[in-house]
Each structure stands twice: as structure tokens, then as C-alpha cells.
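Look at the two complexes coming up: subunit A is in both, with subunit B in one and subunit C in the other.
The block that comes next holds the complex of A and B.
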């Protein structure tokens, strides 16, 4: 046994690391792989039917031996489906014609098939010329594109006329080189990051959600930090260290364990219905009965999360304050510093790394919370961003989008589960990356602060 | 047995007149959380001399030193009675400006406690708490303080480096310089060399001897030789009481009391 236990401990660490690595790998491959232009197949079935699409995955057939293949075929406007299960032994022929085109468009979702012609006011182009005209047209921003119509042909031979202005992107993956695919992939990632969602969150980008998440976390930090730091200073530096203080400290620590949805309920009851409704009655009575502050919004969500992370901030800051040797305080006081001067000039600067740790913990906790936000202001699709060029620029009463909620909504409320899956992975990856970036910033700052002072720990 | 109420008159307790002394402790008692640490101490400290407080651990010598600086104010459970007069003024009077008092009675602690700032900023710390002064004047004072603390030559090329990179002995001299910069009248030293190596200790002792031309020093030490080497007067405390107080030569070579002799020769404790 005595030989075994170090191995047992090491195995636990290894297992944890392994699971973490597995999680990150899953998110990375599935999330980023979604944007890679996949090969399109043209499949001829035994029945003579021809379909075209992207092979997504294979699973065993439910009722007999063999495998079936799931194809993403798009073209919902033609046959009402985007997906097609095909038993592999029913496939007569599989090919990957270089001219197969995939168009990303709205409102019907992707089209997969062939481009027969590009019709503009002045000319009609066919074949490769049509493709070149299409890529040239798509290189312009949406508003500056000429009005034109595409004549499309599905693999089954159905014809379709498609206005150019409904198309976002087009590619012929089978004809692309590795380099072109990489470029197309990075464009896809960029659009995902920088554009708003389309088609009820089943397509497009997540920029408003990224923006909402980061803004909400920032507003929350601005609210929670002064409160938490002042409370920690009171508990550690000013309060009489008696039974009551100990009780308060235990209470604060336990608050950190209250389920987050409870904070959501509190926020809804107190902030939204209580304070928000009163604010509306006093200052925004003109616009009643439509509420201004009396409904969920950025401010109430930030306040609720500030409340949720307050215990974390207090505890982390207090630990930092407790680590500062009394010799430092006495040294300052012995030089003629008042208590306030001692606090502001010696204690708080020395506690700055601990406060940054507090920010890290608070941000990590807040950025991942979804449950309380659903009660106090997150929206599936916010019509306006919380920051714009209209006075007063920051609109804290507006509803906002949040990556965590976006993820939940995409995963469970979309009409098409299969389309949602890669988006869910991509959004989850993004959420992890954002928390990581916010934390790394704080960690870097903390390191910088410590380094500056020659502190070793 | 209780000490006689007017121990002042006893031959083994030297007393200084008001002109000679800058600090007069009269019947001063202090208790922490109900536990008595100092009992009815009466003692006067001569101006521009080094006075050493010696005694076994827990005898109250550090407590007395901290009481002179009112550092016990930071501890809520400390209560006191009696009087400590600094230049004739009761330091525990209600109208006493505590931070001004602490500026005039500087203190150096057992472990060096430089702030996590540059060497320059450490010395400037006390100056920045006072009224604004020109950068040039501040630079002059900082150079003077570091020179007085025999540190200038070692740090003049790296004033803006972190003070935490200095050696322990240098840090302690920096703390002394930091205290000197605000030009105190009294410097309290609480075992200033106990955490240092022998060479650094010698430097600190030499510094203490040189500083008495500028100000009054009170030194708490465990080290008998150190007290004998640097101090002019020595007070022997035991169990919160002042036992013997007189010129260092006399206390060390010819103490009045058997208890003092026992302690100095290492027979007691």
C-alpha cells in the first residue's frame, strides 16, 4: 500500500489531465472542423436517384446488418429536407465532381448542386464563366452587389432560380486546393466571430453574443470589485476580530455555494420587479406600459452576477490581505502614516495581485453562468446591441445576448438538431477561449505586478 | 513583593532631570487582553544617548518600546495606565496627533520590513506623507538619509530597483534610512540585528553609535555584548518591571542588584 499511493495520486492527476485534453480536443476538432470546406459527394442510388451532399457520419442500420450514411444535402426549398440517410449497400456510385457548388444563403439554408447560369441585367453566363461571375460578385459587400439571378440545378435535375442578394458565400470544395480551403476556412471562422446570427440562431455568427458576454462580465467586474474589496478590507482590517466577524466570514464563504439560479430568482424579484419597476414608474412613465428597466437587461444581469461573485471576491481579497505581514502595516504606521494612508499606500498595492486573482475567479464564474441570466435579461436574439452610437452609448437597460445562453438555445431550441451540433461545439469552444483570454489577461497583469516589485511568490 | 512606589529614589535606578531627558515614563502599566505586560514602570531616557533595554524573553522590553510609539493602538485589546511624556507632553493625551508623534519617534523592527517598492520610494515614503516638497529637496533628503544609514554608496546606482532585492543587512539599513528621512527625535530599535549575519550586525552597531549625535536612540536587544558595545545606559527589565537602570559600564561591571548580575552573567532565566 505504501508503494502504491503515490501512483494512485499520480493516476488521478493523469486522469484529470486526460479528460481535460479530451474535452479540449473534442471542442477544437468539432468546433473548428465545422468551418472546413468538406468534400461534396454526388451519390447515385440503386433506384437511379441521384443526390449530392456532404457525408457527415456513418452508423449501423437499425433493423438489419450494414451501415447507413448521413448526408447533408441542403436544398430545403426543393424537397423540404436538409438531411438524408442512405443505406450504404444501396449506393451504386459515389463521385466528387469538381463543379458541385455549395451556396450559403438565407432564408432556405445551404444549396448543394450545380450552377447552370448567372443572369444579370445585361448578360447570361454559363459554365465556368458563371462561377467566376458569381465569385466576383460575392467579393463585393452585400449592398454593392449587382442584382442578378442564379440558375441552379440540383443533383436530381430540378431547376431553381436564386436571387444573388440572398447568398452569403459560395464555394466548390472539390475544386479547391488545400491553400484555398484554408483561406475559406479562416474566412468562415472570421464570419462566425464577427457576424450576427441568422435563421433563428442555426446559422451565421455569434458576434452579438461574444460582445454581450464580455460587456456583461466587464460591467459585473466594475460593480463587484469595489464592493468586494471594501468588504474584505472591513472584515480583515477594521472589524473587531470577534465571534460576529467569524460568523460573517463563514456566512460569506457559504454564500459562494448558493445555487446560481437562486441568485437569478433574487435578481428577478428585487432588481427587475422591485427596483426596475419603481424606476419605470418614476422616470420612464411616458413609455409605460412597455417597461424600460422593469424587464431583464444588461444592468440587472450584471448586478445579479456581481452578487453571485461577491463572496468569491471577498474571500480571495481577504486571503490576500491576511497574507500581508503585520510588519508592513507597522512599518507604515511607524513612519507617521494614518490608517487610511497605510491602507492605500502599502496594504492595497500589496494586495493588488490577490485582487486580480479575485477578478479571475469572478470572471471565470460569471462568464459561464447561464441559469440566472435567463431570468434577468439574456435574450435569444437581441434586436439592438447594448452599445451603439446613440446617446448615452451604453444602454444598460437593453436585453443582450450571451454565449452560454446562445449555446443552450442553439442546442435545444433550433428546428434542426443536426445543423446545430457543429455550431454548439464552435460556440462552446469560443466560450472556453473567451474565459481563457480574460483570465490570461488578469494572470499576465498579476505576474507583471509581482515582477515589478521583485516579489517571488 | 511589590516594587516600592517611589523607586526613583533608589540608587540602582538612575534618574535624569527634565533638561537631560526627552522621554519620561511614569508609572506606566500595560495589559493585553487582561494579561499584564508592564507594571508601574518609571524611567527617563537621556537625550542624544543610546539606551538599551535588556531582559529575558517576555520581560516586556519590546512592549515598552512599542508603547512609546503608540503601536499598541493597532491592538484593540491593549489597555494602559500611567503616563509617557515626550518632551513634556503626554503621548496618550486625547489631543495628541498620533501620526505626528510616530513621525517624531521612529521605529525599526526586528525583521527588516522594506515596502515592496523601489529603494528610492521606500525612503521617500514618509516624506510623501508630509507636505509637498520639491523633487530636488526630496532627493537631497533621501541622499542624506541613505548616507546617514551608511547605505548610499551601496545603492546609489540602483535607487529605482526593488528594495526586496537587497540583502537582509542592507534592508535593515534601508529601513533605518527610511525612518531617518522624516527626521525623528527618537529612534526605537527593536532587536534590529537579531535577524542579521555578524558582519551586518557590526555595521548596524556602528551606525547606532554614529547616529546618537543626531538623535536619541533606544535599543531593545537580547544580545548582552551588543548592549555593552553600543549603549550608554542600560535598563534591565524583568516580568514587566524595571529592575535596574544605570550607565552601561556600571550595570555590566558592577550591578547593584544580584538579579541583574545573574541575568548578565547568564545564571538566571
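The block that comes next holds the complex of A and C.
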């Protein structure tokens, strides 16, 4: 038996690697696959009914043998549903006609069906000419599009008149070549990154959330770096290395293990209710009772996360400082430098990569943190961006959107979860990619640093 | 970790320029002030939580107890479920990585596993709550079978390997098993997924979940302790693994070589020498993992169903302290009794994790000096 125990240990490594790979693969395929134009099917049922939509998944029927297929059919304005379950053995005929069109629209979500006519003020086009007119019109930026109406026909035969200005994109996936699909896919990814959410987070992109996350992390870095570096310099260069310093060091390290929600509670109680309310009472009393600083906002969120990442910065900077050989300091002092000169001319330049590592690690930690933000200022849909052209340009009291919270909110509080999930996958992928890239950079820097110094210290 | 004490450089400075001296003193003072501001901020967290919990003393004590006890139970249950899954995997992986893997492979695999820690909790929670939970609900039997079948199939792989020809064993060395076992595990997973529904049908005539409900009266919630355990286990594995692996790798090789020279097998040397020597380090790794599991908010919030109930069933949900704070605190008005109770809950979390981490850190530092002394002697 004792020969077999090590196998369980080996399997633990294999299983951990497998779980990580499975998670990343799932995120990659679902997150990126969502933007790929899927084939649209036209399905004739036994009953004679015809539906058109994208086949999503197959599952066993709940009450009898056989499988059923879930179709995304869109057209919520016509029948009130976006999804349709169909038992496979009730399908008489499946086809993929090249003329099936998928339109991305604003109020009602996607339309799937046929384009019968394109009506502008001067003319009425039908068939392929209508499609060419539509793609030509959509190629213009939204504001310069001619006013026109589309006459649409659903697979079941219902007619619908659709104003052109409510349409974002249109495609006929069954008629697209690989090259066109790839182009369409990259356009989709770009829109996801650069546009705001629409239709209750079931469509559009995450640009405000990316912007909010980046801005919050930047404000946080500006706050946390000076204090973290000062504390690290004090602990490593100035303080007497006695019992007290050791205790402080242990305390700082342990703060990294304190749950992030505790920091959130502190931020809410002290920054928002304490400092924020006082600021309101002193400077913004004319706008009370609606709070200015006395509610969650960008500044309070950044301060809270700065506190949260303080231990990360201190530990990483101190590690870098401790690696600098004492000979360097002694040399500087021997040449007549004061301690300040030794620090600024010799020690800090040598510790620069360590400080860079520290800020990257802090940013990586903060970018993925959601729990404290729920208490101190994140919003599901911020009406105004925290940066605009109004004086003072950066509005630190405003609420902001955050990628992690956007993910949580869309996934758990959305009205139509089924439709939102592909976008949640994409958001999750984006968040993981950001955090992993930051961490990889930090690991690489640290590795590089160790090799550069070699064994000399 | 503690750098050796060094002389205070300002005492050595030979410069006599008063301007530079003054600037130097000013800088030292401001650095000290900055450092003490940091310390003050850290202390302020504890003081604030204590101060805001004080009004609870004037309230009737039972109110606090009644609100908090299901939450405390939920927290413990979630942490326990996570540790049950994470401990064997993390420690096994640490033992294998530290003692069996060739150094080059180890230097690649370790950062990859530590990378798991960077994956945000909200992503893990989303996968667990919206993807894994419905899947497990539909394939409950397969999931439970997998939990048993994967370890068993590994042992099977071991038996097959030991009875295989020498040439094959050379081509698939045990020291690389951590990598080449992954396809084996994938294959075994598919076999289990393929075979279980049939066996389930024959044995209990249908779906295990319905059978549990009808025959045993066991209630199955979609988001339950088992799901939380899997998700949070995934999140806790890397922190336990990293620290335990460090502790095991710090055990001087001379100790292991000595034991093997005296006739112990590799596993005996590990079990009787390396594990006791690294014991405190492993203990502190487990403590830190437990601290993380207790405080994790988003995963429990998203994967547990958030029902504040007392239940020991692994198939029912719970609500943890951290999740309760995240949900209820933004909605409670300051100075209401709920507000103070929640702040008290945060204080409990803070004290618990702080104590656990301090203990772990002290133990770890002690061990490190002890082991380095051992290594010097050897």
C-alpha cells in the first residue's frame, strides 16, 4: 500500500492543474465563442409551426425518453419569449436558409427572421437589394444614418415594421464566409470592450466598467504607494530591529489575511458615514439631505482598497529592500552621504523593480476584489462617468461601475439570466485575463530581479 | 525573514554640512510619521469595530445571539466543506511537488498552481453558482461517484504502472506523473460520467436526487454546502499548497537522505522524518487556509443560496457572516441595532482571522529558524 500513497499525491497535482485548465478553457471558449456568428436554423415542427433560431444546447427530456433542444429565437416583441424548448422527435425538418437575418436592436433584443423590404423616404427595395441597402446604411455612424423602416417577417410569417435607428448590427450568418465571420467576431469583441451596456445588461459592452475599474485602481495606487513605501523604508532601514519591529512586521503581514469584507465595513463606517457625512455637513449643506460625500463613491472605494492593499505593498517593497546588500549602503555612507542621500541615490533606485512589483500586485489584488466595493460605492449602472468635461473633471464623489461587480450583478440580479450569461462569461474572461496578466508581470519582474542580483545577497 | 540588525547609518555620517543634516533629519522624521500613520490606520480598524460594537452591550444579549448564531454556523459549515476538499488535494500536491518532482518541473508547476490564487472570487462564485450548481443538480449521482472514483482510479493507475514493463516505466517516470496523470484523470472522468446514469437507473430506478427526496426525505437545494465546498476548496487550495510546499522544501535534504541511508523507503522517510519536521509549517498553512475560507465573501454569496438555517446536510444552503455583511449592511441605517450587530460580526471575523494568522506566522517563523539550524549542522 505504501507504494501507492505517492500516487494520490501525484494525482492531487494533476487534479489541481486539470481544474485550473478546465476553468480557463470554459471561460475562453464561452467568453470568446459568444461573439462568433452562430448558424441560424429554421425548424419545422410536426404541428406545422415554423420557428427560427440559434440552437443552444440539448438536454434529456424531463418526463419521458428522448432529447430536447433549446433554441434562442429572439423576437420578444412578437411572442414575449426569447427562448424555446423543442423536443427533438417533434422536429419534422431542419434547415439553414441563407437569407435568415439576425438583427441586434435596442428595445426588444435580437430579431431573427427574414428581411422582406427596406423602405426609405424615396424608394422601397426588396430581396437582396434590401439587404445591401441595410448593410450600406449600417456602415454609417449612428447619427448619420438615413431614416428608414425595415419590413421584417418572422419565421412563423408575422410581419413587423422596424425603424432603422433602433438597429445596431445585422448579419446573415448562414451566408457568411469564414473570413466574414472572423471580421464580424472581432467587431463584436471590440464593441464589447468599447461600448456601454444596454437592454438591462443583456447586450452591449462593458466599457464603463473597465473605465471605472481602471480609474479606481489608479486613484488607489496613488494613495497606497507613498504610504506603503514609507512604511517599508521605516521598517527596513530606520527602525531598530527589535522585538517591536518584528511584531509590527507580523501584524502587517497578517492584515493581508483579514477578510476583505472587514475593510469594506471599515470603509463604510469611517469613510462614508464618518468623514463623508461630516464633509457634507460642512461644505455641501445646501444639497442635503441628498448626500454628496456621505454615500459610497470613487474616493471612498479607492481609500478602502488602498488600506486593503497596504500590506501587499509593504511586504513586497520590504522584500526588495532586504535584498539590497548592506555593502551598497555602507559604501554610500562611507563616501559621505547622509541617510537621505543614501536612500534616494542608492537604495531606492535599486529597489525600483521591487516597488513596481508591489504596485502591480496591489493592482491585481484590487482589480479582482468585489466584496468591499459593494459597501463603499460601486453602482450597477452609473448614470455619469467619474471623469467628464465639467470642472473639476475628476469627480471622486460619484459612484462608478466595476467589472467584478458588473459580473455579479448581471449574473444574479438580471431580469433575463439566460440571455445575459454569455456576456457574463465574456466579462469573467476579461477580469481573469487582466488579473492574470498583472500577476504574470509581477512574477516575471520578481524572477528577473532575483536573477539579476544572483547569489550575491 | 528578519534582516540582521545593522548599525544606524546616521551615526556614522561624517558630513558636517548643517543643511544636509537638517534635511536628513527632516526626511527621517517624515518617514517615521508616514510609517506611524500606517500603523495608526491599521489600529484604527480594530478600534472602530470595537467602538461601534459597544452599543450592543446596552441591547438585550439574546438579539445578537439569535441573529448571529445561524450565520456563525453557516460560516463554519462552509469553511469545513471547503477544507474537506482542499486539505487532501493541497497537501498531497505539496508533498508531491516538494519531494518527488524534478527541480526544473517544480519551478514551472509551482507558479502555475499559485496562479490559481489570483483568480478573483467573483469569477469562481459565478462558475460555481450558475454553471456548476445546476450541472451537479442534474448529475448528482455522477458527481458523488466522481468524488470516490477519481482517487480509486489513481490507485488503479499506480497498480498498473508497478506491474508494467520496465521500458514503459522509463518512458513515463513517476516524477512526471503529476503531468501525465491529467489525461488519465480526464479519461476516468468520462468513464464515470458515461457509466453512472445506467448504474443509477438499475440500482435505484431513476434519478438519485428524486430518490433521496422520496425515499430518505433529504431536501436538495441547488446551491448547497457541497457546491460551496468545491468552489471555495478550489480557491483555498493554492494558499495551503504554497505554504505547505515551502515548509516541506525547507526540510534539509540531509535529513531525508539520512533516513533513506538507514533503510527507510522514500515514503517512510517522508512520513516519519519530513512531515514531523515540517509539521508546524503545514499547520500554519492549514490555519491560513482556514482563515481565508472563513472570510471569503463572494464565493459563499454566489454559491450558497444564502438561507440562514441550521442544517448539517451537505445538500442544503447556508448564509455566512461575510455574506450577511455584504448583503445587509448597505441596507441597514447607521445606528440601528442591525448595523451594530453586523459590525460586531465583522469584529468577530477580524479578530478570528487576525489571531489565526498571527499564530500561523509565529509558528512558521520559529520553524524556519529551527530548520535552517538543522540544515547548517547537517
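One rule holds in what follows: the second predicted complex is superposed on the first by the 417 of 457 C-alpha atoms of A that agree within 3 Å, B and C clash if a C-alpha of one lies under 4 Å from a C-alpha of the other, contacts with A are read in each partner's own complex, and residues count from 1 in each chain.
Here is the rule we use: contacts are C-beta pairs under 8 Å (C-beta built on N, C-alpha and C of every residue); 3 or more make two chains touch, one makes a residue touch a chain.
These numbers were taken from a predicted model, which means no experiment stands behind them.
When the two complexes are overlaid on their common chain A, residue A:314 makes contact with subunit C while staying clear of subunit B. When the shared chain is aligned, subunit B comes close enough to touch A:325, but subunit C does not. Between subunit B and subunit C, it is C that contacts the larger number of residues in subunit A.
Look at A:341: by the touch rule set out above, it reaches both subunit B and subunit C. Once the two complexes are laid over each other on the shared chain, residue contacts for A:333 go to subunit B and to subunit C alike. With both structures placed on the common chain, the touch criterion links A:350 to subunit B but leaves subunit C unconnected. In the superposed model, A:139 makes contact with neither subunit B nor subunit C. Of the two partner chains placed by superposition, only subunit C is touched by A:6; subunit B is not. In the superposition on chain A, contact is made by A:252 with subunit C only, not with subunit B. In the three-chain superposition model, subunit A touches both subunit B and subunit C at residues 240, 329, 333, 336-338, 341.
Those residues of subunit C that touch subunit A in the shared complex are 1-6, 8-10, 12-15, 20-21, 23-24, 27-28, 30-32, 34-35, 37-39, 41-42, 44-45, 48-49, 52, 88-93, 95-97, 100-101, 109, 111-113, 115-116, 118-127, 129-131, 138, 150-151, 154-155, 157-159, 161-162, 174, 177-179, 181-182, 184-186, 234, 237, 241, 265-268, 288, 291-292, 294-298, 301-302, 322, 325-326, 329-330, 334, 342-343, 346, 349-350, 353-354, 356-358, 361-362, 365. Note for the complex: subunit B touches subunit A at residues 69, 71, 74, 76, 99-100, 102-103, 106-107, 109, 111, 113-117, 125-126, 128-130, 161-165, 175, 178-179, 182. Residues of subunit A that touch subunit C in their complex: 2-21, 23, 26-27, 59, 226-228, 230-231, 233-236, 238-242, 246, 248-255, 257-266, 268-270, 273, 307, 310, 314, 322, 326, 329, 333, 336-343, 364, 367-371, 374-375, 404-405, 407-408, 411-412, 417, 421, 424, 428, 431-432, 435-436, 439-440, 443. Residues of subunit A touching subunit B in their complex: 240, 325, 327-338, 341, 345-346, 349-350, 452-455.
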